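Dropping the structures in below, format is structure tokens.
Two complexes, one shared chain (chain A), two partners (chain B, chain C).
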Partner chain A sequence: MPDYDAIVVGAGNAGSAAAITMAQKGLSVLLVDRSDPPGAKNLSGGVLWGNDLARILPKWQNEAPLERFIQDKKIGFLTDKSSIIIDFKTKIFEENKVGYTVLRSKFDPWLAKKAREAGATVIPGITVESLAKKDGKIIGVEESEDIVTASVVILAEGINPRLSIEAGLRGPLQDWEVSVGVKEIIKLSPQKIEDRFNLTSSSGMASEYILGNLEELNVGAFFYTNKDSISLGIVAPMEQLRENGVTHTYDIIEQFKEHPSIAPLIDGGTVAEYGAHMIPEGGLEMVPKLYGDGYMIVGDSAGFGFSNGLVLQGMNYAFLSGILAGETAVEAKGKGDFSSDSLSMYRQKLENSYVLKDLKTFKDIRKVTNNKNMYTTYPKMLESILLEMLWERGQPKKKVRDILGSCAADLKMSKLKTATDFYYIYRRM
Partner chain B sequence: MILDIKERLGKTKYDVDKSYAHITVDESICEKCPHHFCVMACPAQCYTLQDGKLSFQYEDCVECGTCSVACDQGSVKWHFPKAGKGVIYKYG
Partner chain C sequence: MKMLKIAVMIKQVPDSQDISIDPVTKTLNRSMARNVVNPPDVNATEAALELKSKYGGEITVITMGPPMADTALLELMGRGADNGVLVTDRVFAGADTWPTAFTLASVADYLGGFDVIFCGEETTDSSTGHVGPGIAEFLGYEQATYVHKIEFQDGYFIVTRDIEGAEETIKVGKPAVITITLNANEPRNPTLKRKIEAYKKGIRLITNKELQLDPACVGLKGSPTIVKDMKTVPDPVKNPSKPGIEELDKVVSVLIEKGVVK
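On to the complex of A and B.
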């Protein structure tokens, strides 16, 4: 008899969600995390879309340590001197509060506590060193030469999945599969935050930017409000960084902070923390085989995430994939069958959910995020158009068509190239 | 508000394991490296070039894993720190 029905490696979003799902249905579950308390090594931008959490924790909005609900969502382009922002503020977000800013060092311990309350054994401060195998099956985990066995091991290691790689369940990560995320926490009083961003004591703002002010680098940035701090950071694809080869990741975030439209927003604040973490960027192509005899892979370890330069999501995919793996394990326990065949239901469930549907729909999104024009040329083009339209310089006005034509010429883009490029991006967004 | 990287790292909490380097590099490989891309990629300035020679320190590492991908020459040996050691985010 194995020691547990299930062992979950990693108490991040995906692992804790899986553990809760299984423990609630009476499975014996061991949840281990390398940090104590769990979450102390995790870092996220911080907008959590919690629709899926309601499936296992119906009262999550009242109980979880949340910062501010997202009432105001902005997306924008920055050039050297300008910012062009779409500011989407809607009553709909207020009436359906599902998006919240979170700080992982507060949120993750709470979620792990929920796993414990559901009946899981939670052990923080243990780094699993390797997976135990027998006859080609995963039968448990190893730490300090001890083997703990389980019918199924759920791998929720996050984006740096040492165990899965070492066991050959996925290959080593490649440049195209990851971005480097760099983040700072800037302390600012609640009063300042609420005045500056026109918020109430519970509402918040989340902005994402395309940084058109960096030459030859496609980098996105984020800026989110917490209760008494700002989370801000940049997301730089590894491929871009290598190709560029002369820019330090730690400098890019300062360039963002120095931008004339960002600096005033953090004026008077103090840096309270600096950190970094990778982000899955490879889409469908980076997804490994998701299950096998005695194991399933969930969350970032499986490459589940979505980013298109203006949207950055992974926590929701982590929750849902964790829940679906948990449900699969519950069914497998019912059948008394944890073979690869039986666990293939996990893939089926993912196929029927937005996790794999999104990855399939946006399978070509990297072609957009890798498109240099998207980051350098088009923000400048937008800036030129707006200058022509909105800046009265005592000169004859032009029609939009002519403005576009002359902007394209200034930026050495033919009209045809611009039009085909726009169509290309539009088809893949 | 713009801070030097060392000053920013000073804001982050660590429990450094003085007796165990969780990441090591192979100097003989770094010597022949055509790009030293780790120096650009590491967000914690753990990799620096001194007189053209790579120098590495693990103490400021935030365990992001970036260098394990950035080094394509097989020099970086990457492990997690021993349990409880390393970076401890207060916010995350």
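On to the complex of A and C.
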């Protein structure tokens, strides 16, 4: 008899969601995390869409340590001197509060506590050394020469899945599969935040930008309001950083903070924390085999995330993949069968959910996010068009098509190239 | 030989790496700090574990603190301590070192006394070093402070302690309180198996219902210390350039001028 029905490695959103799902259905669950309190070392941008969380924790909105609900969502482009932003503020977000800013170092320990309350054994402060294998099956985890066994091991290791790689369940991480996120938390009084962003004491703003002011890199940036702090950061593709070799990520985040449209927003704030983390951006191509005899892979470890340059999501994919793996384990326990065949239900469930559907729908999105014009030429083009249209300089006015034509010429873009780019962006987004 | 009954008195403290000084209020900002076991208390636990492995015994880790301090006990049980006891009650809150030592001594007494009680030399959040000796005085135990090496022979603890510029080896009888220096030993890590056992076993809670201590002698009420003021000491002004040996004359004349040398 194994020691547990299931061992979950990693108390992030995916791991804790899996542990809660299984413990609620009476499985014996061990959840192990390297940090004490569990999950306290986790890091992400900080906007949580919690539709899936409601499946296992219906009262999460009242209980979880949340910062502000997203009432105002902005997306936009920054060039050297300008910002072009779509500001989407809607009553609909206020009536259906599902998006919240969170600080993971508070939220994740809370979620792990929920796993404990559901009946899971949650062990913090332990780094699992390796997976225990027998006859090609995963049978548990190994630490300090002890083996703790389980019918199934759910790998929720995060973006750098050391155990899965060492056990040969997936290849080593490739540069193209990840971006580097660098983040700062800047303390600012609730009063200042609410005044500057036109918010109430509970509402918040989340914005995502394409940085058109960097020549060589396709960098995105984010800016979120918490209760008494701002989370901001940049996301740069690892492959381009390596190729470029000159620009450091801290230079990029400094440039972002000094941008004329960002600097006044954080004026008077002090940096309280900073951190860096990898983000899965390889799409469907980076998804490993998701299950096998005695194991399933969830969350970032499975490459589940979505990015199109202006929208960046991962936590919702983590919750849902964790829940679906948990449900699969519950069914496997019912059948008494934890073989690869039985656990293939997990893949099935993912196929039927938005997790794999989104990755399939947007399988070519990297051609958009890797398109350098998206990050340099087009933001500049937009800026030129708006200058022509909105700036009275005592010159004859032009038609939009003529503005476009002269902009393209200035930026050395052929009309054909521009047209095909837009066609592909339109098709892939 | 009878098994040694060993206690380790520990404290959960904010991780000193995460503490900053609030530039406005000039007080310690602990809000960003993670709670950890006071570092020399980890060495004290290791000393207890080494003693147990050589001479046999049972180790109980004890702390006085809020309910969340249970994780500190579980962490040390994950390293090999047998039992955890959390002394927690609202009446114990706000204690300075006097009622802390009094309460912990009372707990040791309540648990039937110990052959040896280990403590860390000092805590990183107040650095008084009072509590260990205080416990010894309240219990009437022998004591040795700032110890980094312990042997147990013929019912005596032969301990080596740090004194300024030297070390001293002394013999103390049973029962004793021994406080252990930071880095006295290399603490073993917690293991998954032991931590699972610790979480299964859980910890024992002791409140003042059991102890029945006079509320006037514990917590804030029992604390003779009153903090009147807190000041931040400005950074010492550093001499921007170190004078070279050829300027020795000048240095000496400045020292004479300032009355440092005659």
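For the reader, a short list of remarks on this structure follows.
Assume the second predicted complex is superposed on the first by the 429 of 429 C-alpha atoms of A that agree within 3 Å, B and C clash if a C-alpha of one lies under 4 Å from a C-alpha of the other, contacts with A are read in each partner's own complex, and residues count from 1 in each chain.
The rule is simple: a residue touches a chain if its C-beta (ideal position, glycine included) is under 8 Å from a C-beta of that chain, and two chains touch if they have at least 3 such contacts.
From a predicted model like this one, the values you see are computed outputs, not experimental measurements.
Once the two complexes are overlaid on the shared chain, A:Val32 sits against chain C while remaining clear of chain B. In the superposed model, A:Arg393 makes contact with neither chain B nor chain C.
When both complexes are overlaid on chain A, the residue A:Thr121 reaches chain C alone and has no touch with chain B.
When the two structures are aligned on the shared chain, A:Val141 is found in touch with chain C, with no touch to chain B. In the superposed model, A:Lys412 lies in contact with neither chain B nor chain C. In the overlay built on the shared chain, the residue A:Lys59 is in contact with neither chain B nor chain C.
When the shared chain is aligned, chain B and chain C each come close enough to touch A:Ala40.
Chain A has more of its residues touched by B than by the other of chain B and chain C.
By the touch criterion stated above, A:Glu273 is placed in contact with chain B and with chain C alike.
The residues of chain A shared by its contacts with chain B and with chain C are 36, 40, 125-126, 272-273. Note for the complex: chain B touches chain A at residues 1-3, 5, 8-9, 11-13, 35, 37, 39-45, 62-66, 68-70, 78-80, 82-84, 86-92. The part of chain C that touches chain A in the complex is made up of residues 32, 34, 71, 75, 78, 189-193, 195-196, 199-200. Touching chain C in their complex are the following residues of chain A: 30, 32, 36-37, 40, 121-126, 128, 141, 143-144, 146, 148, 272-273. Residues 34-36, 39-44, 103-106, 108, 125-127, 159-160, 162, 172-175, 177-178, 180-182, 184-186, 229, 231, 238, 241-242, 244-251, 254, 257-258, 263, 266-267, 269, 271-278 of chain A touch chain B in their complex.
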